[in-house]
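Structures incoming, each one as structure tokens.
One chain, chain A, appears in both complexes that follow, with chain B as partner in the first and chain C in the second.
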Partner chain A sequence: MKKFIYLIALLSFSVYSQGKYLTKTGTVSFEASVPSFEEVKAKNDAVTAILNTDNGDFAALILVKGFRFKNALMEEHFNENYAESDEYPKATFKGNLNGFNVSSIDGNSTFKVSGSLTFHGKSKEISDINCNVVKTDKGLELTGNFSVTPSDFDIEIPKIVSKKIAEDIEVSFKFDVIKK
Partner chain B sequence: MRKKTIVLLIIVISGIAGYNYIYKDHRNIEKEKAAFTLKSTELSNEFLVSSSDSEKKYLNKTIEISGKVTEVDNNTLVIDNNIFCQFLNPISNSIKTDAVITIKGRFIGYDDLLEEIKLDQCSLSKN
Partner chain C sequence: MKPKFMKHILLFLLLSLPLLTFSQDDLLDELEAEADDSEVKNYTSATFKGLKVVNFESTKLVAKEELTFVVSHRFGTLKDGINTFFGLDNAVTRLNFVYGITDGLNVSISRSSGIKVYDATIKYNIVKQSKNGFPFTIVGFNAIVFNSGLSELDYPLLEFKDRLGYTTQLLIARKMSTNLSIELAPTIFHENFVANDLQHNVQYALGIAGRYKLNKRWSFNADYGFHFNRADNSVFRNPLSIGFDLETGGHVFQLHLTNAQAMYTNGFLGQAAGDWSDGDVYFGFNLSRRF
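Showing the complex of A and B:
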């Protein structure tokens, strides 16, 4: 009986100490357009993201097939030749908002994010990304952007199209996380 | 003269074909025939047994699922607590939690973080 009470106490304690904020409909988009060529841009608005407000730990999961392009052929090529989404259906980010403290947020705060980004089966450590955090009615809004290159993730751009695809790919994100 | 018209015709036809190839339409999941039709519980069980095998089996396929709505938002809803469906258009107000519905959508992957099956480009199936 005593053990049981301890267990309950432990469980309820862990429930209260965990400040978990999450979204299932976060947005991640990337753009690698070159002026005067057709835009190379895609958006995924079903990204899962979880933020632990106790320690700033952050995780996101992107299903690569969910990236939508304006041009259907471009989407097909992206999935088949570059992202190879049949083999690598997921992209993930695991990291931390450095020095995150939920009580210090008033209006608009910026935190540095560092962590590891996995795409196309390859991981890359990224750091020093600025992430804006704004308090909203229901939770927090995290926004920011950073750039990566295809070679970071072992993606080769064939010479014939390399002129039409920018070397630096701009990635931007927006997560409206709500307390769970 | 005749040769010239034939050459011109070939150029025009290949031009149109090329244009249609480059600017072809997106898949229309709503009009596509479902590759799999099943109950939400059957699908969930398959992912419980092996999420990676099931993910391979269904990836990018159009599936039709019937089950109970457990969560509704603007253009997303959840069936059976673990099948997340994103609709192309806002969901009609008549759909409430606990309603039993059939939807058709494209499976885009399994979310390990929340243990959810995710579909996009969903639409309500007419019964």
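Showing the complex of A and C:
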């Protein structure tokens, strides 16, 4: 009986941690460049993300001030006047990899992601993002991209620079999650 | 036997609890906890957007390996009216190159027309304001000024060293809120040669400067310098400048009115000739371009 209880104890604890895969060094980048104008592109490589492999639930957290631009002035403008990162320091995503099943991953699998993306204090439901999942030595690698518009998040692009910033902003992500 | 069985059941339930709570906890909350562990220093940004507030240096520095070219103009006095086209005829120009050796150390060289003054400066960050950290940003500023305009015809005994002047300044700023930034600038400056015999070569001043953001594009800027040991018979006044900054993404335009025509520190603190009470002020602008 005692062994049985130990077994359950072990099982329940191990199951508890089994399904969670985490990274603190995920990368998210976005690009809003317009040809023949200065490149508008930023990358954040300290994104935390977590995947629950039991049910495909996924979440990511970005500190907005961690986006690095090509030049410091652009970064300052982005934080002060567009992202308003003093007021809204975090961007988040919370969603699900539809039909995720860890045992079905074979080489390279693609899942549809849907969920809610929050930035600049505004949330937008997004769906049908393709997310590639690849098994790695230590865990899983999730990659993909999608596009959003500044107006989705109540970000106004002033007329004076509207020619230099693309209407659709390409976002790409890469998370090497490892077992927590 | 029965109570013991109950105990087992209880234990079983207790141990299974993690399995049940599993699906209930929020992944995002879990991330918040993780992220707080690794929270980076949250430095205050955009205290000032221009390298200068108007005339006084701001706490802003040029980023590492970036070169900024600043063209500043101060037109002649508005008081002359249409005769000089409101000062357009007597403009003074300062060309200024600033280079960021690191994010916290800048060097610059510049040349002002009219009075023909060269100056070389270094500007360095000492401490940065941060959330839950130090409440001020402190930047040091030193300049050496070379006045090539002094004429040996006017001053036959003039030596090389008489052309030199020095500035030592501390810039202490705080971003009070999203819109308001305030700066104090205690300054000691030295001129090896002063035209007025009663004027001390070593001069003390305190600058006070501010930026108020009106909206995302425009801010209102002002600065004033208290001079503490100006000679009693001096014709010069304390410099007061007001202006607006316009941001256009790539650069910041600064448009202003000031009673000082010189754009280097010793010049606007020591030799501001205009007088606000008399409408004797100069229109000017600072325009910067980053490379």
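We take it that the second predicted complex is superposed on the first by the 162 of 180 C-alpha atoms of A that agree within 3 Å, B and C clash if a C-alpha of one lies under 4 Å from a C-alpha of the other, contacts with A are read in each partner's own complex, and residues count from 1 in each chain.
The rule is short, and it goes like this: a residue touches a chain if its C-beta (ideal position, glycine included) is under 8 Å from a C-beta of that chain, and two chains touch if they have at least 3 such contacts.
All of these numbers come straight from a predicted model, not from anything done at the bench.
S.K.: Using the superposition on chain A, decide if chain B and chain C clash or fit.
M.R.: clash
S.K.: In the superposed arrangement, does A:Ile160 touch chain B (first), chain C (second), both or neither?
M.R.: It touches chain C, and chain B stays clear.
S.K.: When the two structures are overlaid on chain A, which partner does A:Asp86 contact: first (chain B), second (chain C), both, or neither?
M.R.: In the superposition, A:Asp86 touches chain B and chain C alike.
S.K.: Identify the partner contact of A:His77: answer first if only chain B is touched, second if only chain C is, both if each is, neither if none is.
M.R.: second
S.K.: Of chain B and chain C, which one touches more of chain A's residues?
M.R.: The larger set of chain A residues in touch belongs to C.
S.K.: Mind checking 1-9, 19-27, 37-45 or 73-81? I need the stretch of chain B that runs into chain C in the superposition.
M.R.: 19-27
S.K.: Touching chain B and also chain C: which chain A residues?
M.R.: 22, 24, 46, 48, 50, 59, 61, 63, 65-66, 71-73, 79, 86, 89
S.K.: Where on chain C is chain A touching in the complex?
M.R.: 8, 11-12, 15-19, 22-23, 26-28, 30-32, 34-35, 38-40, 42, 45-46, 49, 63-64, 66, 103, 178, 216-217, 247-250, 290
S.K.: Note which residues of chain A are touching chain C in the complex, please.
M.R.: Answer in residue numbers: 1, 5, 8-9, 12-13, 15-16, 19-20, 22, 24, 38, 46, 48-50, 52, 54-55, 57-61, 63, 65-66, 71-74, 76-77, 79-81, 86-87, 89, 92, 94, 158, 160-161, 164.
S.K.: Help me check something: in the complex, which residues belonging to chain A touch chain B?
M.R.: Its residues touching chain B are 22, 24-25, 45-46, 48, 50, 59, 61, 63-66, 71-73, 75, 79, 85-86, 89-90.
S.K.: For a test of understanding, state which residues of chain B touch chain A in their complex under the given definition.
M.R.: 21-27, 55, 59-60, 73, 76, 84, 86, 106, 108-109, 111-114, 116, 118, 120
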